[in-house]
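Every chain is named by a letter (A, B and C) in the order it is written, and numbering of its residues begins at 1.
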Amino acid sequence: MKFWRKPLDSDQIELPHGRVHIIINRCKGCGFCIKYCPCQVLEFAEEFNRKGYHPPIAVKPEACVNCGLCEVMCPEFAIWVTEDGNRGQSDGDEEVTNESGR
Amino acid sequence: MSREDNSSWLKTGPHYWDGDYACAEGAIAAGCRFLAGYPITPSTEVAERIAERFPLVGGTFIQMEDELASMAAILGAAWGGAKAMTVTSGPGFSLMQENIGLGVMTETPCVVVNVQRGGPSTGLPTLTGQQDMMQARWGSHGDYEIIALSPSSPQECFDLTVTAFNLSERYRVPVMFMMDECVGHMTEKVVVPHLSKIHVLQRRWYRGKKERYRPYVPGKDLVPPMVKAGDDFRFHITGLTHDERGYPVINAACQSICVTRLVDKIKQNADRITILDEDRVEGAEVVVVSYGISYRVATRAIALARDKGIRVGSLRLVTVWPFPERRIAELADKVKCLVMPEINLGQVYLEMERVACGRCRTKLVPHCGGWVHDPEDILAAIVEGAKP
Amino acid sequence: MKHTNSQADRQIADGKHHPLEPYLRMDRIPHIWCSTCGLGTCLNSFLTAVRNSAIPRENIAVVSGIGCTGRTAGYVNLDSFHTTHGRAIPFATGLKLANPELTVVVISGDGDLVAIGGNHFIHAARRNMDINIICVNNFNYAMTGGQFGPTTPETARTTTAPYGSFEHPFNLPFLADSCGATYVARWTALHVRHLTASIGEALERRGFSFIEVISPCPTVYARRNRLGTGLDLLQFYHDNSVIKNGIDTRECDIRFQEQLIIGKFVDEEKTTFHDTMTGYLKDAVGEKYVPYVGPMEMPGNGD
């Protein structure tokens, strides 16, 4: 995480971890989430989804801080984050759903 | 508010009221507790009466910024659960047409009072007319059926306003209450019956399970039950062509289902809706078909004709729309002539002519508006019609 | 502890379902809005505010007019009304007065609310009607193909202003403010955090609130003006928006592709229409006054 101005207590702050969920077939490829993710977690996928758009994929899932900006910016309700408590066990893969998206 | 505790809201007993006041009291008796309006002659007295009375009977009156807003507001109020009414005259009625269409499409019960004056445009603000009858029928765009009533006296302004509300609740359609300046400003004895003698229909609420609710699943009579906002039905209504869920479906198949039912729910129930007032129609050679103030004038002409030995009957259209096709067709087979006086140059007459379809003669007694007919003109038409 | 809608819906916030799904008519998703249009983001912010709000969901009603934004009412899983062009505010007025318990939100476009519906807008603000207006401003009539509207900046090109618009546009916060709105804010589709918070504030408070959301229309407005996609316009908002809370709304004019002043401009207490009416009539009419009792309590003896 990049700080513009480093908080004085930055070494005491424990960064939260988030898990990104994407319903790829609901996406219309606007790229809002990719561009405005503060941790650059997302990128456009090479593949097309069922609608013919490039959905996002989490290329750096471990960097997600569960801020939820992607979730509230997404015009299609296709991406959201949940708190990921045990980052140690899972290696922070994003969860991709193909089925329920329309 | 229980009815027993607050019976004073109903002014039971005889009064000396004009038609506008009687209409306002009829609305109160019918349970109307929301009125949105905009001042316009000659309907303003209805709103004035309501503005004075509503704070005493638990109603909300709001004077909106125009008639477009008034009509939209009563639709909103109806979906908020209130019985709602607006009141206007010619030019305002024109402005309301758009949202009358929304009321038809969304099947919103409400009453629109039009105290008619002479037109077109600003026309004769203070003088009478019956020139909005076809506008009441066809004023908003698209295909639809409508219910319209026409009172002939202040007493009927009271009684039929209650009926108008009942019909709008029964068939979930905006009901046009087509008064005219003469009836609105005519002062006569009006007797408000005891509460137990006034038949008031409650809204037909949906009683099924919440999760199974769909806004436009009709009953056997083609009318769906209603819900209101705030009860967790989370329903959607739209002016777009919609399916049973109320969701927009923009195609010909859905349009056919949606519009056909809107039309059929009135057409198929027409006999139940229609109210006619007949006098000596059996055996008559001429029948005068009239409505509103023209009926009162026609009564004089009919009496004069009977003095001349002509067998004249009277058929009064209490409900003008839906047009009583069946009854007019029956009469057309039996009489020599159907005569219709109306304070316009031929509107409802066209329907009569269409239904009579050459089986008898039809005669229009037109009047441009501004005043009522001379009974002699109607008499002349009756005499002419009685000729072999 | 305050109950919020999000607690009620906690069970659904898992890895399979978007947390806003209980607030959406999922049988109508995907919506009709174009890729990179800002309307989905505005809807997302609104529903996030509803979810975070303590107001029970069944007490919130959404009224829309006609247009791209007008379609919003069709997607929210709330009591929702898609009315005629320009008439969302008077419809909402009737709804609110008939059931004062409701929180009524009007979500519609700039053309709908301040051109064809302009008269209703100014009078609802004047009366301080207790309704919340979310006006999504995309600077043109998008549903009909991109004609100029009451907010189109001068010189911007539209299908009916092929040489550029030469009309003076409305400054919406100033319009709302001068008509008596008690809460006035402007955000963009990029400022989702502020927007969500602002909508949340508006929902909780009483009185006429007005929130303008500058939102990209990639398909018609941006294309005709060669402004790129919605994503490019978000970048433009990012580079050119200046938050000036509390600034005089007269300074909020928008010029074509110039600085955007955003923020919360007005937040003041004033008695609402309903409270004024009931309070006044109570004094004026005295003991005989019977306040409106709400729906269902209507006299009747038939069935």
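Quick note on the criterion: contacts are C-beta pairs under 8 Å (C-beta built on N, C-alpha and C of every residue); 3 or more make two chains touch, one makes a residue touch a chain.
None of these values were measured; they are calculated from a predicted model.
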Chain whose Cα centroid lies nearest the overall Cα centroid: C
Of all other chains, the one whose Cα centre sits farthest from subunit C: B
Inter-chain centre distance, subunit B versus subunit C - centres from mean C-alpha coordinates, in Å: 36
Centroid spacing, where centroids are CA-atom means, of subunit A and subunit B in whole angstrom: 60
Euclidean distance of C-alpha centroids - subunit A vs subunit C, Å: 28
Touching residues (chain side subunit A, partner subunit C) in the complex: 19, 21, 23, 26, 28-32, 35-36, 51, 53, 69, 71-78, 80, 82, 95, 97, 100, 102
Touching residues (chain side subunit B, partner subunit C) in the complex: 1, 3, 6, 9-10, 29, 31, 33-34, 36, 55-60, 62, 64-66, 68-70, 72-84, 98-99, 101-102, 166, 195-196, 198-202, 228-240, 245, 247-248
Of subunit C, residues touching subunit B in the complex: 25, 27-28, 57-59, 61, 63, 73-74, 77-84, 86-87, 89-99, 101-102, 119-120, 123, 277, 281, 285, 288-303
For the subunit C and subunit A complex, residues of the former touching the latter: 13-21, 24, 29-31, 33-41, 43-45, 48, 190, 192-193, 196, 229-231, 234-235
